[in-house]
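In what follows, chain A forms one complex with chain B and a second complex with chain C.
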Partner chain A sequence: MRKIYAFGLTLCATLVFFGCALQSKATDKPTITIWHWMTDREPAFTELARRYEAKTGIRVNFELYAPSDAYSQKVRAAAQGATLPDIFGILAEKRDFSSFIKAGHVLDLTPHMDADSGRWRNSLFAKALAVNEFNPGNKYGIEPGVYGVPIDVMAIQMLYNKGLFKKLGLDPEKPPLTFQEFVEIGKKIKAQNMQGMVSGWAEVWMIDCFANNYAFNIMGKDKVIDTIKGKIPYTDPDWVKVLGLFKEMQEAGLLATGVVTMVNKTAEQLFANGKAVFAFNGSWCVNVYKGMNPGLKYGVMMPPRASDKYPMVIWGGAGSSFMVNARSKNKEEAVRFLQWLTDKEQQAYLAETTNNLPANKESLSKVSEILNEFVRNMDNTTHPNVWGVSEFPAVIEAFDKGIQSIIIKEKTPEQIAAEVQKIKAREQAKKR
Partner chain B sequence: MKFKSTLENYLFVLPAVLIFSIFYIIPFLWVFQLGMYEWDGIMPTKTFVGLGNFKEIFFQDKIWWQSMFNAGYITFIALTFQNILAFLLALACDREIKLKNFYRLIFFIPPVLSEVVVGLVWQWILDGNYGLLNGWLVHLGFPQFAHNWLSDPQTALTTVAIVHSWKGFGWGFLIFLAGLQTIPRELYEAARVDGANAWQSFKKITIPLMIPVTVLVMILTILGTMQAFVLIIAMTGGGPAYHTEVPVLRILASMRGSSRFGYACAQGLSFGLILMVISFIQYKFSSRARKI
Partner chain C sequence: MKSTLYYKAKKVTVNALIHVLLISVAITCIFPLIWMISSSLKTQETIFSDTSLIPVKMHFENYVQAWKEGGFGRYFLNSIFYTVSVVIGIILVSSLAAYAFARFKFPGSNLLFFMFMAAMMIPIPGSFVPLYVLLTKLHLRNTAIGYILCMINVGLSTSIFLLKTFFDKMPRELEDAARIDGCSKLGIWWHVALPLAKPVLAVVVVFNALAVWNEYVLALIIFDSKGLMPLQVALMTFQGEFITRYPLLMAGLTITALPIIILYILMQKYIVKGVTQGALVE
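Presenting the complex of A and B:
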């Protein structure tokens, strides 16, 4: 009996061995592995991978790791262990992105972008590409070039519920243009016991985004950059004015109850279900709202300007991006796949199925009407990753948490400005 | 012969020593080493800062100490409200009451639920706009008590602490119940024969014999509560402002938000050290209490 078992085991092992050998001979084309975090895009990616394999014979394996926090940690751990896949995304600020490049994990895509008179580069939105680009003389000490490929574009704007606008006696086609008009609407919202603006302000980066929009509007880009560089203190009257806007919004009844501990998913649910007049959210929300309430009637608007001195800008341009692992043995195939993925046809497919803005300019005709409203303001977008300087994380945290303190009426804008400046001075001293 | 025997003995303990060293000692030393560097977790190079990170934690990082205070407050609520509730329920279930097995099951449900799920459900119940609790309060004719429980700095931490206690009291209940069941029934019978009433039996028999169990529950409560964070992430994310920040959230913020892996390691070590000191003090107290 034991002999029969031993024989059976040997036979199985032999078959497995030869089976593997035969398989590896039959599929000598490489398999490209991609790590991503985009749960909503998984079916579309799988379909595109199938199409690519049918076309080229190269298998593309999209591996989903969600939520994005867990994904980020996985990528960092893989970078330390040099086990990154052929293609991956980096969900971090430019400073961390530069660390990945310095550590030799990210391939410089500039030669590919510039080949054929820059055919690939020219097909993509320049603002989307800019977040993956390092310019000459950048402060991170990175060789100038393009290190990532945007697969979509986003813009973070304000949205308003047209039905609730009518209830408030407002014209649903005329959203507020100035901060004063916005405040007046807030008073009406308060009088009717409705909820004003919802947003994921428990995730402080969204507060940062909103505050920076107004910082650019009130003091202009140069002054914001000079503040980050340490030339202008946060106690400057313009910064106090930016912080003061949150106090004004709170007092006018423009902010929904509990906005400071609200995660964006809750904010999206409230807005999609018609429980809030305004929302501050990214263009990805189109897909989210469609899933939650397909009949929702809403419009897209720029944050109402608080000053006429400088234009209002919004965060945007940067969507999701993919990087090629510089140590991958399949890097050439990986680059070719990304070129294919960002081609007009594939981008149009992604835009249609996932309701995200495409990174390829020629695919815009395929986007929905509401997404086109986001596109209209694309010229007014900016992103911290293209500013060329980064604020200390401790300062950003103190600033954003400080805004929460203003909203909950715990501290004044002046107090927060002083506290932020104190932390800025501490961080600068450490740097020296 | 003796050498062979000694060698044999060492060989027997070798696997345990190896596992302990690989999974505990080496990572601990590595974390300690990383705690003395400024490192973003990605770059191959690290900057040596000596004890600079520890100095910053102990003398400059006010938010860290606020988070320690918050964790201490939640622990205080857990030690009092949670453990008293657990003890009283265990006492009730130790008696011959109807459906006692059903109650045991019910009381043990919260601890086995996922913390994220519990956090999200409670966040929904306590929501200031459309929360179930406020809805009930309005419905029952107490609209004046409807409140923004999690966004108001006056109530956020206490609310989180109470939810944490609700989630955790089942463990204490189970241990207290096990402890109560080990007390010989003859002691109570003898006391009754001697004329002791229920309160005297409780005071002279139950309490002294439950001291070791109470100490164990207290140590577990302190260690468990000080390290709580999942529930808090799900309910408030540490906000509003820093009002529900706890040490583990600060460690995560250093790692994820600031990309300061070295500092996060130093925070982790400091926190571990503080917990060790607390446990040691408590152990000393409990030893003394046992002697009494």
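Presenting the complex of A and C:
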């Protein structure tokens, strides 16, 4: 029996000893703690933290928690336990973002943004800031203001392989501008047995993004918003036309085989290895393609317009954003650090080292030519988070999955339009 | 004569079919491991272009780079400490509990046992937020002990179930003999029940060691300090938001998989015995 007791005692002692030994050590230095999920940017953040400490004496501790879904769980748990760090990011829709604000976790940055005649606000891309902004009369009931700082921006556009363009007998400096030109290229792709456009359309939000670009182009923003509000049905001829574009692309040979079940990682791999003529992807792809195939020659283009009535619009805006913990005792220092982080020099460094588009408009000089091509269309960006209205998730799902059905020739655009409208009516009735 | 030939042919055919099936299963199990090792020896570029299992040029330096960049040294020690502590904790608590459930009749014992069984049905991610809040209130968040206690709790239900099933079938005469020799209840558990339960304990050890060794989401949620993180977190260093450094990730995975493969090989004899002796079935 003595052996059992001795064993038990030894185990307890070991647990206590190691448990205490492994506990984090507290330091007296002033420290700003930042939680983030951006593995790719960790070395750049660490370097910037070192520079900030050298400049101000304030230690900045970037704590990386990846992957992003585990990070999101940590942030939610920390919010419930009131242990959020000084600065953190919220990876969620605006609805969830607003619940963090309502719970008093996020500091209103408007006074800081507007200080010195709006110096901080004016230095950042307005479209990027808009994602973190709540306008007067917003449906979430949030006090109007800016609640987050974008540290980079992104835009989702089309890319084309210049080498394959040459093989098709096309000018690699002249991507198609109209949908008709696009369709003509599709015929050449089909004739040469090549693969057309690749994209992560198994992750349906990318289909939604592509379809919305054309919806804005064909019927304009107001009509899209009116549809979401329920004033225009999805059976409207303009919506049928949007859905019909996918049928046309499929028939013209513009879509790569298996595009509806393709995840974006596969699409990136195919495009980087020169196995697809077009890709539909976000500006983050620059870094991805560089890693997969540094010699890849490609260009950036807007989705070819299907109508001249309204401008072509792409999804874009803030890439990643940081929020300041309203309950933090270091909130003033945290705001000052974010001001420094989004300043011209630091943004240029981040853009140069991480190949992401900077949030600061004045930092574009150090950005690579290909990233600059993305920037050129920043004025034409939009994002569902800034529309002020949001569609029912069931309707979005039916719309996106319906497009998949059109591509695989299971259903017609008219059938999908009718089905989506039926679901919309059902959801509206539920809400009433 | 015909009949013998028929039975021989039937036996050979059935055996061949069984072997083909087993070989197919074995290949599907081994292929990912071989692919992982093969990919760990390629570069970020060749991983997308060179699809052969034997790379043209082998980059063993990926292992050194993965070890250094991932900070594997500290994380490795942490994982070993967590795994050993949790497994010992689970064995002690679950074997005592299972023995009590199997041998002692006390009011509410069935209810208590079913409560443990019901806990098996709760997915771990569903308990993250309550666990986080509880640990914060107990001042155990961001401590090794907090994590170990959580992980012991996670592994208890299944282990109690496995051990109770074994103890239920254990001959009572052995315990009576020990009692005649002067053994106390705790002594019987230590000297009789536990040694007999070795095969089941091996299953409990391997299953739980595997679970703790591969766990990272709970660790990521309750730990803030890098110095406390387990090995799996180091692997996330190579998995970016948009870019994954596959060769380093695969090298890291190979390194992390090694200890658990060794443990399995060492305990293989007991595991097979444990499973076949009814550890998993009533």
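Methods note: the second predicted complex is superposed on the first by the 403 of 432 C-alpha atoms of A that agree within 3 Å, B and C clash if a C-alpha of one lies under 4 Å from a C-alpha of the other, contacts with A are read in each partner's own complex, and residues count from 1 in each chain.
The definition used in the following text is that contacts are C-beta pairs under 8 Å (C-beta built on N, C-alpha and C of every residue); 3 or more make two chains touch, one makes a residue touch a chain.
Predicted, not measured: the structure shown is a model, and the values here were computed from it.
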{"item": "Chain B versus chain C as contact partner of A:Val375, first or second or both or neither", "value": "neither"}
{"item": "Partner chain(s) touched by A:Ala202 [first = chain B, second = chain C, both, neither]", "value": "first"}
{"item": "Contacts of A:Pro294 with chain B and chain C, given as first, second, both or neither", "value": "second"}
{"item": "Contacts of A:Thr39 with chain B and chain C, given as first, second, both or neither", "value": "second"}
{"item": "Which of chain B and chain C A:Leu255 touches, first, second, both or neither", "value": "neither"}
{"item": "First, second, both or neither for A:Ala272, with chain B first and chain C second", "value": "second"}
{"item": "First (chain B), second (chain C), both or neither touched by A:Val263", "value": "first"}
{"item": "Chain B versus chain C as contact partner of A:Ala66, first or second or both or neither", "value": "second"}
{"item": "Contacts of A:Arg76 with chain B and chain C, given as first, second, both or neither", "value": "both"}
{"item": "Partner contacting more residues of chain A (chain B vs chain C)", "value": "C"}
{"item": "On chain A, the residue positions that both chain B and chain C contact, one per complex", "value": "73, 76, 80"}
{"item": "Chain A-facing residues of chain B, complex", "value": "40-44, 60, 123, 127-130, 148, 150-153, 156, 235-237, 239-242, 253, 256-260"}
{"item": "Complex contact set, residues of chain A against chain B", "value": "69, 72-73, 76, 79-80, 92, 95-96, 99-100, 102-103, 105, 195, 202-203, 256-261, 263, 266, 270, 275, 393-394, 397, 401-402, 404-405, 407-408, 410, 426"}
{"item": "Partner chain A, residues of chain C touching it in the complex", "value": "44-45, 48-49, 78, 81, 85, 88-89, 92, 125, 128-129, 132-133, 136, 141-145, 148, 184, 186-187, 190, 216-217, 220-221, 224-228, 236-245"}
{"item": "Footprint of chain C on chain A - complex, ascending", "value": "1, 3-4, 8, 11, 14-16, 18-19, 22-24, 33, 37-40, 42, 63-68, 70-71, 73-74, 76-78, 80-81, 83, 85, 265, 269, 272-273, 284-285, 287-288, 291-294"}
